[in-house]
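First chain A sits with chain B, and in the next complex the same chain sits with chain C.
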Partner chain A sequence: MNTVYTNIGHTSTGHTGTGAVNNAPVLRVENLSLGYTRHHTDGRTSKVAVLRDVSLQIHKGEVIGLVGESGCGKSTLALALLGFLRGGGEVLGGKVRYGKTSLFDLPDADLAALRGGDIALIPQNAGQSLTPTMKLGAQLAEALKLHSDLPQGQYRARAIELLTLVRLPSPEQLLERYPHQLSGGQQQRVAIAMALAGEPDVLLLDEPTTGLDVTTQAHILELLRELRQRLGTTMVFVSHDLGVIARISDRIAVMYAGELIELGSCAEILRSPAHPYTRGLLAAIPRLASGMLPAALPGYPPAVGARHQGCAFAARCSHVSPDCQERTPDQTALGTRQVRCNLPAPQLRQPLQLEGVPVPEVTVGEPLLSLDQVAVSYQQQSLWQKLRGQPESTATVDGIELSLKRGETLALVGESGSGKSTIMRSICGINPPRRGHIQLDDQPLNLPVEKRDAVLKRRVQMIFQNPDASLNPRHTIAEILAQPLKLYFGLTGAACRAKAAELLAQVRLGEHYLDRLPAQLSGGEKQRVAIARTFAGEPDLILCDEVTSALDVSVQAAVLQLLKQLQAERGVAYLFIAHDLAVVQAIADRVAVLYQGRLCEEGETRDLFAAPWHPYTETLLDAVLQPDPDHNPKLHSDDAAESQPPAQGCPFQNRCPRKLGSQCDNELPDWQQIRGKRLRCHIPARQLIGLQRV
Partner chain B sequence: MLKLILNRLVLAVLTLVAVCTLVFSVTEALPGDVCTAFLGRNAQGVRLENCRADRELHKPAIERFADWGYGVVSQGDLGRSLKRNKSINKLVGNRMRNTLVLATTAALIGIPLAIFLGVLAALRRDKATDVGISTGSIFAMTLPEFVSATLLIYIFAIQLKWFPAVTTVRHNAPLEDLLPNIVLPVAVLALVMTAHILRMVRSSMIDVMASDFVQMARLKGVPYWQIVFRHALPSAMLPAVNIIALTIAWLLGGVVIIEQVFNYPGIGTLMISAIYDRDLPLVQAIALVLAAIYVGVNLLADLTSLALNPRLRTARG
Partner chain C sequence: MTDSAAIENTALAASQSQSTQGRTPQKRSVQVWRSMRRSPAAMIALSILALHLIIALLAPWISPWDWTLQNGYNMLQPPSAAHWFGTDNMGRDVFSRTLMGGREALKVTLLGTLLAMLWGSLTGITLGLLGGRIDEWVMRAVDALLAIPWLLFLLLIISTIGQSGLTLVLTLGFFYGIAVIRVARGATLDFVARDFVMAARVRGESNWTIVRQELLPNVLDSLLVEGAMRWAWMLLAFSSLSFLGFGVVPPTPDWGLMIADTRGIMSIAPWATLFPALALSSLIISINLSADAFGKAMGLDRAKAPV
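Up next is the complex of A and B:
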């Protein structure tokens, strides 16, 4: 590793990782306003601001975290640091300076030399940001050719060094590969290596871990922390996830509606946020250890570029005064930090209290859904394969035994590819099981959806991840809600509309929404409509597939509360999928942990999260990041992605940190029942409990 | 990869067999035959009998088809023309050359031109260049080729007298005698081809230029033209390749009309007279040759897609 280090031009300035930074600002954002010109139908034009009056100094060697919800302008700001405007964008005022040069005044050629050389970007979705038709070696060589003084003959050696630096296995072979042949985590590492090719002064990271599994995310963050220690690179880290930001930043800049509303040290902002929005945001984040539902921020963030008078947050602020509607607050110093709020200083200095909302009592009733030895496979054997007697391929999901009672919430957790969605798809009949039985009460659910009768269809409903895709954009809300009402209850006309209004009222939306189109609603409102549609059929079982992952944190909390309240009123059962384990903690009664389509552990949420015994559950939970400056994730196993479950033995054998030996390779462990939980591991449960305490 | 190509080849052979069978049965099912067409009003009595006997038309259709098929497979012999009483291989040979000269020249001009114009229009989207290219292409597409052919003949042959209006050389003339005659037909074919392909290239290039990896390349400081040609174009060509294959298939049909308009001694004119004469083996032979080219072009398009798209070529790691 040492040889690699010496090749990177920068030396660490000796900081400890928290705030000991050199004072000279590398990048300076001075009263920057960005926007675009809106052309009105009557021929008038007006300027719409996406970023308003942002001032920020980024010092050498520091990591600054830019946080905020979608549409707050954080990515726009990050790209502006490269002198880049998205299509149609323009500078409405202010400057970005790198050293002495003003980026938006530079000619294109100079800007191109700077991009990837002095300032490099690590994109959000590496899978889509790497050119699909070029080999990785060629892409790395291109970056080296553009931004290093190396002779052509040394590109290959240097590329291998860079790939080693980001801890990718067998870098020589990777050079010959195409992006799609890598897993998401590996792609992200390649993108990091590529950004490092030009030995940049500043690294811009635009949501670099969003969309990755928790374990992969934790590994990538560890890598970035390590690079930062070794190379002393200045970083601007953009994320909507305060847990990620907490792990890596020295300072945090909070954005809202295109404005920088609070700026201060990481610990200060996370422990005692000053701005009411920052407080609300922190309170809305579900936390692993809380045992409560997070408190929701009322309202929705304004649309991108929406005009407002006074404070941008006034409409949602609990401390709002008439003054806030009139006067736009300035960025003022509060001790070591900067806050944009009209409230007097003492009120801003109050300590943060995280008041969760107690989970409503739900009476758990009779057993409703049961899965018995269910196996699902996407590949069907062709007739030819059957005739030749070829063995069936290993099933995607196998040996699933689960049960769910009325009024209960069961969450399925696991990394991507763990079979969560596959199980859900087989329950709702899109992809019926290859083996085993699914039953709703005593009715078989093995049938594909086309063969189910209306009553059975009505009883099992689904809420999808993305309401933009699941609501027909050309139907009004009334039409959307009328479909299940007509289909299942034969309602039409005024009766149907009245019922639709009633459904909307249940999801806390007014009757006036009935004649709107989905495009006229915000993300949170759309998901409420989707929930209302689901409840229109008066189902017994609702399948929730990542229902809050497309929503902003402040809106997510309200949707979680709504789901829980509706469950208390209606006694429905939820089968819940979420990649965010803190969300699962807030909503689920029981949790089943899946790896590669096989169950690892199952139990009450509280017990399971307090003491994850199965090595996989432990790996998963310890990788979770929290918006707490003192929280450190633990990494137990590497993040190597597996494309297929092993044909025999324990499914987790290849990554298990506690692997025993050949027994794990060859024998599938039996269930062990202990203290209300069950788990599948060759290590005796009592011994696992002992290992946990160490 | 090899398996895929083999798979396609087997499929191609099956397609050709099906095409021949279909053409044979359709022509056979129609009333009349080469002798009624040839003898016209005299097609009756002994003359008709003799004519049919000479050409072995009394044999059952199945047998004739089998004989013909056996000849094709065993010796590459496409049979004898019933009307002209000559070897079809000889009849088709030169005319095939002439048609290929026409079609290949049109493709070699049309395809690169279409890619160039399509990329240009995409990069200058909504500007004067794009509007000009797009409008022109719609115009070229909507104009039937015999109309544009007539237009070109009027301007370049009759008014300006630069090129001959119709071809007067024989089918076995040497290539250099043929050359001045192909300019106008090639222009008509290339025009329509270019229009179709460039529209596809334009729209897929616009999509690709808006993709994440192109934005990333820009933010990596890659020079503009390098982004266009190295990062964007290979991906943009993917959907275009299939359109190019379809357009070449159209070319084979278009050639028949164009040859007729320009009286060009190619396979198209031969086919039209063969149909007119009810010269069954000749029709069949030409159908077979055209179908073979069609299948070949599509195979080539699939292979090009494979070459352009590593996702199809390599397994996930």
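Up next is the complex of A and C:
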């Protein structure tokens, strides 16, 4: 069933600033400081502040976005709005008022009634916040029992009403389902419905779309916009993604190191940010339209609760003056907004200049990697099934034809479950292909990694998504880097250590890191170590699996620059996976779009992003959010995720907005070559180009 | 070329941020020790354990009497200034025998625990890493072995092979290793799915290297605690065997044997049974408490630990 939104495109609400909303503040945060007591080894105790002197008024009916890097206190502030402190936390000063009541002074019973009833929270991971052993109907009834005055007999009707409100198809049947039977997007919708059960005044959303696919995210945001319009709910939206915030917020509050450093209307903050941190953050976000790498914001945010004198941002600020090291800036008004910075007003008013870093020139060489009709599947046919002549199950990934040249970057793009990682796993030999050929130069890569010879192993390396997981927590950096050096080159002792230091220098880390453990490094530094480890084998091909998605934006920009620069120096080829299309645009030379393990379209990044012809590419790109208040995503089809690729026909047949008919169900479309791109669709390419212009 | 120089500068600045500089945190062993020192129970338990070990080492030199010397004129004497723990039915000094009685038990069980931990943990970690059919089959075999009443099984083996220190070490080590397999495998499964193991596999490291370098350091915490627990259990098992006459050969003093020999005269001379029993239980309790405190200090959640 296709969900049709009535308000697709841009509507009159939103981004109107504070003027349009009712002026009575619902929630008032007054000079709030939160923290905990730190016990020192010598028995002393001291107070550590996690939130410092935060003041914020949230008006009725507005959506306020809280942004900042991880560890800056966004979630702590959002939870404080519920009167909730994390374990061991305490109020060091200030108040949170809901209407006239001060939340932290309320007795527990009143607070419990208020939570869910007046102020409701929608958590990040809906799949984990729903009870796995209870049917959705029972969970919704529980929420209604707690937070509404309805008689028990009306729970079911109201539950159906709520599920319809969040635009879930066939709500009656859903009541009988368990959470795991729903897709991530549907689970998030149920979580929203549960939060709405008590008809709350204020909805707190803690990264509600993080971890969802681009298209699903766009759909959920559209739903939230619609609900806000219809119900007039006040929302506090926490996200690290400025694109999401831009889409939904009226006002934006920028957090840094537990302080609110800038507060203003959405358009103001995104178009003309005042605080150097906000400027740096906006400049570090890769953008689809730019042909350059984003500029990195140097340094890392301070550790949670780290104490400092003067301005928290002074260590990373491009406009730092000696004064900033000593004087803590106050929250001062600048026009209609609040800024916490020592700089004089004219300097804060200077327009934002997005200066990207030009992509280093890389010479593309002869072909390196080629995939020919590769099919991979996780289920193996047992001997018994073979004997009985059962047909093989549909492969997870099928018909992949790709090639990659030396010094080139090819990005694989698609939603989760599109087979991107599966292709990588088969290239690196963890899950060899069922059919087809993978070749590196003229050497076959079809064998599992254990059966490859040492040189071949060395030539293909992989960088993982999360450096916390990919570095052994019990090894020092020197030991981590020594592993490939020992394995591939037999280096030991002083020679190995010297080489490890050399590798660290290549990723711009000092030698003193060698004796540290991963836990003593920040996220960006850990990823640099992981990159150094992959380069230790002097590889020809590096598989990059979402290498920047676990990092903060400011750090991500620096890592992207590093990768590109290493490529220029070493001439390696990257096979790159990223769900963030702007990152792909910044780093990739060519893009291959995958849906359900099948290729849809492939071409030069610039051409493909400028004119996505395949209906799926079009759907994907139109759903991308940008940190621009005027950008509107377009939603084509519904966001129902599919778990299995169709056995025959075009893989995109079920969600295609331009589906022709039975032809799409039954026949796999042939490749069409046009203007340097190739795509797989039954609609003739020239016609698709025409459709795009409408 | 100026562009790339600019990149380099920003990146270098990035690496020199203040966030991770400053003092290096203490070594983990120091942290664990600090944490243990805060718990009085742990410190008492560790002191008792240390005392037992020192006594076992020095017993031949600190025993006031010859522990095998029989004195027909001095049987079943209650504790006195000359015989602190009294004498037994053969007139032997119970104090000297109690001091000596832990030596054989400690020697055999320490070696046995070492053997059990070595083969059990390596097998367990390897199974956890390999997974699949081998893992399934071996684990079913382990389940089956664990279902056999262990004491009867041990008696059977010892009575067939013969009673010697080496046999005891081997049989106890083998048998207790089976239980260690489960624990090691369970702890490994937490780490096998992590990317650093995947990274090692992609790099082309051998399974043996992955077990030794990637997995072992991570499951070592659980294994150390498990080893201490196994040791306590093995002491109990060894003493039970001695009690039944399958452990230490008389006249070597041993707590289990002493309890067995004197249990008939417990109503006349309770001291002869009481002191070896006290020595044995204080040792086992101190090991258990130390292991618990050790686990807690290392941040292991015993409630979550696999059984």
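Everything that follows uses one rule, which is that the second predicted complex is superposed on the first by the 675 of 694 C-alpha atoms of A that agree within 3 Å, B and C clash if a C-alpha of one lies under 4 Å from a C-alpha of the other, contacts with A are read in each partner's own complex, and residues count from 1 in each chain.
FYI, a contact is a pair of C-beta atoms (placed from the backbone, for glycine too) under 8 Å apart; a residue touches a chain by one contact, two chains touch by 3 or more.
Computed from a predicted structure; not experimentally measured.
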{"item": "Touched partner set for A:487, first chain B, second chain C, both or neither", "value": "second"}
{"item": "Which of chain B and chain C A:588 touches, first, second, both or neither", "value": "neither"}
{"item": "Which of chain B and chain C A:683 touches, first, second, both or neither", "value": "neither"}
{"item": "Chain B or chain C, by number of chain A residues touched", "value": "C"}
{"item": "Partner chain(s) touched by A:112 [first = chain B, second = chain C, both, neither]", "value": "first"}
{"item": "Chain B versus chain C as contact partner of A:194, first or second or both or neither", "value": "first"}
{"item": "First, second, both or neither for A:146, with chain B first and chain C second", "value": "first"}
{"item": "First (chain B), second (chain C), both or neither touched by A:316", "value": "second"}
{"item": "Chain B residues within the chain A interface of the complex", "value": "210-213, 215-223, 226, 230-231, 234-235, 308-311, 314-317"}
{"item": "Partner chain C, residues of chain A touching it in the complex", "value": "41, 295-296, 298-303, 306, 315-316, 357-358, 360, 428-430, 449-450, 452, 454, 457-458, 460-462, 464-466, 469-475, 483-484, 487, 508-510, 515-516, 520-522, 524-525, 528, 530, 533, 537, 555, 558, 561-562, 565, 568"}
{"item": "Of all residues in chain A, those that touch chain B in their complex", "value": "79, 82, 84, 87, 111-117, 120-121, 123, 125, 128-135, 142-143, 146-147, 177-178, 180-183, 194, 198, 643"}
{"item": "Interface residues, chain C side, partner chain A - complex", "value": "3-4, 6-8, 10-20, 24-25, 34, 194-196, 198-205, 209, 213-214, 217-218"}
